[in-house]
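Letters are used for the chains, namely A, B and C, taken in the order the chains are written, and counting of residues starts over at 1 for each.
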Amino acid sequence: MGVMITMLSLVVILPIGTLILRGAQIGFADLWAVIGRERTFNALALSFRAALIAAVFNLFFGLALAWVLVRYRFPGKRILDASVDLPFALPTAVAGIALTTIYAPNGAFGAPMMDWFGLKIAYTELGIWIALIFVGLPFVVRTVQPVIEEIDREVEEASATLGASRARTFQKVILPMLMPALLTGFALALARSVGEYGSVIFIAGNLPNLTEIAPLLIVIRLEEFDYDGAIAIALAMLAISFVMLLVINLIQVWSRRRMGAA
Amino acid sequence: MQIEIDEIAKEFGTATALQAVSLSIPSGALIALLGPSGSGKTTLLRILGGLEYPTSGRVLFDGEDATGLSVQNRRAGFVFQHYALFRHMTVFENIAYGLRSRPRPSRPTNAEIERRVNRLLELIQLPAIGKRYPSQLSGGQRQRVALARALAIEPRMLLLDEPFGALDARVRKELRQGLRDIHDTTGLTTVFVTHDQDEAMELADLVVVMSMGRIEQVGKPADIRAKPKTQFVREFISA
Amino acid sequence: MTTTLKTSGLRPQNFKSATQEPVWLRYTLIAVVLLVLSVLLYAPLIAVFVEALDDGIIMAIESLGNRDAQEAIKLTLIIAAIAVPANALFGIAAAWAITKFDWRGKAFLITLIDLPFSVSPVVAGLCLILLFGANSMVGGWLVANGYPIIFAVPGIVLATMFITFPFVARELIPVMTEQGRSEEEAALTLGASGWRAFFTVTLPNIRWALLYGVLLCNARAMGEFGAVAVVSGKIRGQTATMPIMIEMLYNEYMSVAAFSMAALLAVLALVTLMLKSALEWRYADQLAASHRH
């Protein structure tokens, strides 16, 4: 007990507390002024927007992937299942340079995209989406997968005997059961992506106002010894994280109430 | 509706669940498929409901081949062993589900749906529970809601898989009469699966005793008691 | 009819299963999933090894043999050797306190433990700089007395611990909740001391979940980049961990060296995944029923 509280304080509470304290010393008005600056605002907006797009992609793709992993039989399924966690296990810097190599205008995928569609992926916002999709990929899959496993087949059969098509059964019966898990996975992927740094900075291009993400701007401000600027951005991101955590907890409370104890 | 089962066989991989059984179910009858677990009774019920496709043989409804008819188009009111109620829907929405799932031209208006659901809630003698969720109901209430939901699609037959299996003894007795009453009011051809011989004997017009994927005997409860045809039936009845 | 078996006039091909999607949809879904995973997951992984071996395996191995690379590998191992056991210890203590005793504020504590999951690594690094940096009160005193934390190994350890803080606790809490207290209580009534009850009853029950958590914690600890980048100062041969080295080499266009180091970490990731899958298949029932990362 003592060990736990001591470590929690030293490693988590004290550092975050310091950040909040320093923010309070600067004052709300000054913090707000920093966030309102064009470059800062654009960086925060980019981080949030790209994370949102990646999380939405992962919401749909994660559902499809979890469904395929639970319901279908095909060779190599176990390897596929294990590989879903690759983004958890692979260091972000490694993912970052690997994705950049492939999607750069002269890369294995980047070159054909450039030649055929005139589409530049790396060093544009598109590249940031790719990196964030990579990072957030496992979240929805791993929250939804166990729920799909636990679906009672009888419920799907009941829907069919009542005349519902497979599509309607999915929409009206299966999807509502998966909704809490889907939203939780979505929120986790979003929270992770908003603050992601390692896998993004290589592929992003890092042009101020265009492809410069918020965590990178914190690093830049630190290198300029502009601590107040760094603190303002960090607090804005911390606020986003808190809201996200709150949302996750609310989803869980709501789903528990709605689905009952059974 | 009259149901004809014509040499239906079912294999799951190498395991044989049913060995070419034939059975004629007269229109409006209340029939029990009685047997121990693994006797093939549930498989037979699921083939009737369109949830399984037989390895060979045919199912005829009123003389018409219905073997390949999809579950959706079969209009079989199916009550599952654990009821399979939709947890995220109120009792009202559970019962209305089948009507709302109809293609638009044949879908009743909302007012009509409401009228029908309320009539069904009265039929199962639970008029006031429409707004509740399944998790707020007792086991017996859940069973009756599942029955009402199956009846809402105006089924051509009623199929029940161990309808009393998940209930305690006292509620079980009470609901037996409930099923009998509903059968008598609706006049639907009704098939239920059970492993409880008392239940089969008390409730059914006709009892089909099954074992190891075969039909051992078909007869009125009194006849089966009086003249068991095989060694298995004699032992199962006296158990 | 020529066969002995009676068959229906309606053919089984027309029969739609109640709980399966149509065949075309199933194959489309599998194809889409495989395509996206290939493009997003497998291609980058393969690219790491292809780039590392661009000038042959000899060059790749040689690039790992230089002094700075060796120092980076050593540093990363040291960091993991400190951060992982510390967090394992914390995870056990936290899961123990949360599941074996009732007290108020438990839910809030769980939220606090989870916090590092949703805090940006860069923000975590910034927090440590504000607390221990040379300009801060605590940091100034420590630097003056010869114990620098920021731009030194202790800072990297703290940053790594922050990021990997919830991993072990997260795995243990559900398992220990499920197991309840009765077994320990039984051991205690039989006269075992608290510690003895822990080592003979609790620990064997949670060992696979613990190993699972340690595995994930270790993978993240050795690969952490964002938080470490902020606090390390990136001094080659002193505070550059493997991921930091990768960044520096990559930015200097030392592609083979960067990817060789990356390949080393990728192998670690693959081994982690294999061990993790093996644990999941063999001890599924002893791990938490549903995993949240």
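Miscellaneous remarks
The working rule: a residue touches a chain if its C-beta (ideal position, glycine included) is under 8 Å from a C-beta of that chain, and two chains touch if they have at least 3 such contacts.
Not measured: the values here are computed from a predicted model.
Chain centres were defined as the mean of their Cα atoms; on that basis the chain farthest from chain A turns out to be B.
Between the chains A-C lie more C-beta contact pairs than between any other two chains. Chain B and chain C, compared by their mean Cα positions, are separated by 51 Å. Computed centre separation for the pair chain A/chain C is 16 angstrom, with centres defined by C-alpha atoms.
Averaged C-alpha coordinates put the centre of chain A at 47 Å from the centre of chain B.
For chain A, residues that reach two or more other chains under the stated contact definition are 157, 160-161.
The set of chain B residues touching two or more other chains comprises 50-51, 71-72. The multi-chain contact residues of chain C, meaning those touching 2 or more other chains, are 16, 18.
Of all the residues in chain B, the ones that touch chain A in their complex are 49-51, 71-78, 80-82, 84-88, 97-98, 101-102, 133-136, 149-150, 152-153. Within the complex formed with chain C, the residues of chain A that make contact are 1, 3-4, 7-8, 11-16, 18-19, 22, 61, 64-65, 67-68, 71-72, 74, 78, 80-95, 97-99, 101-102, 108-109, 130, 133-134, 137-139, 142-143, 146-147, 153, 156-157, 160-161, 166, 184, 188, 191-192, 194-198, 202, 214-216, 218-219, 222, 227, 230-231, 234, 237-238, 241, 244-245, 249.
Contacts from chain B toward chain C in the complex involve residues 6-7, 9, 50-51, 53-54, 56-59, 65-72. Chain A contributes residues 152, 154-155, 157-165, 168, 172-173, 176-177, 258-262 to its touches with chain B in the complex. On the chain C side of its complex with chain A, the touching residues are 16, 18-22, 26, 29-30, 32-34, 36-37, 39-45, 47-48, 51, 86, 89-90, 93-94, 96-97, 101, 109, 111-124, 126-131, 135-136, 158, 161-162, 165, 216, 219-220, 222-226, 229-230, 242-244, 246-247, 250, 258-259, 262, 265-266, 268-270, 272-274, 276-277, 289-293.
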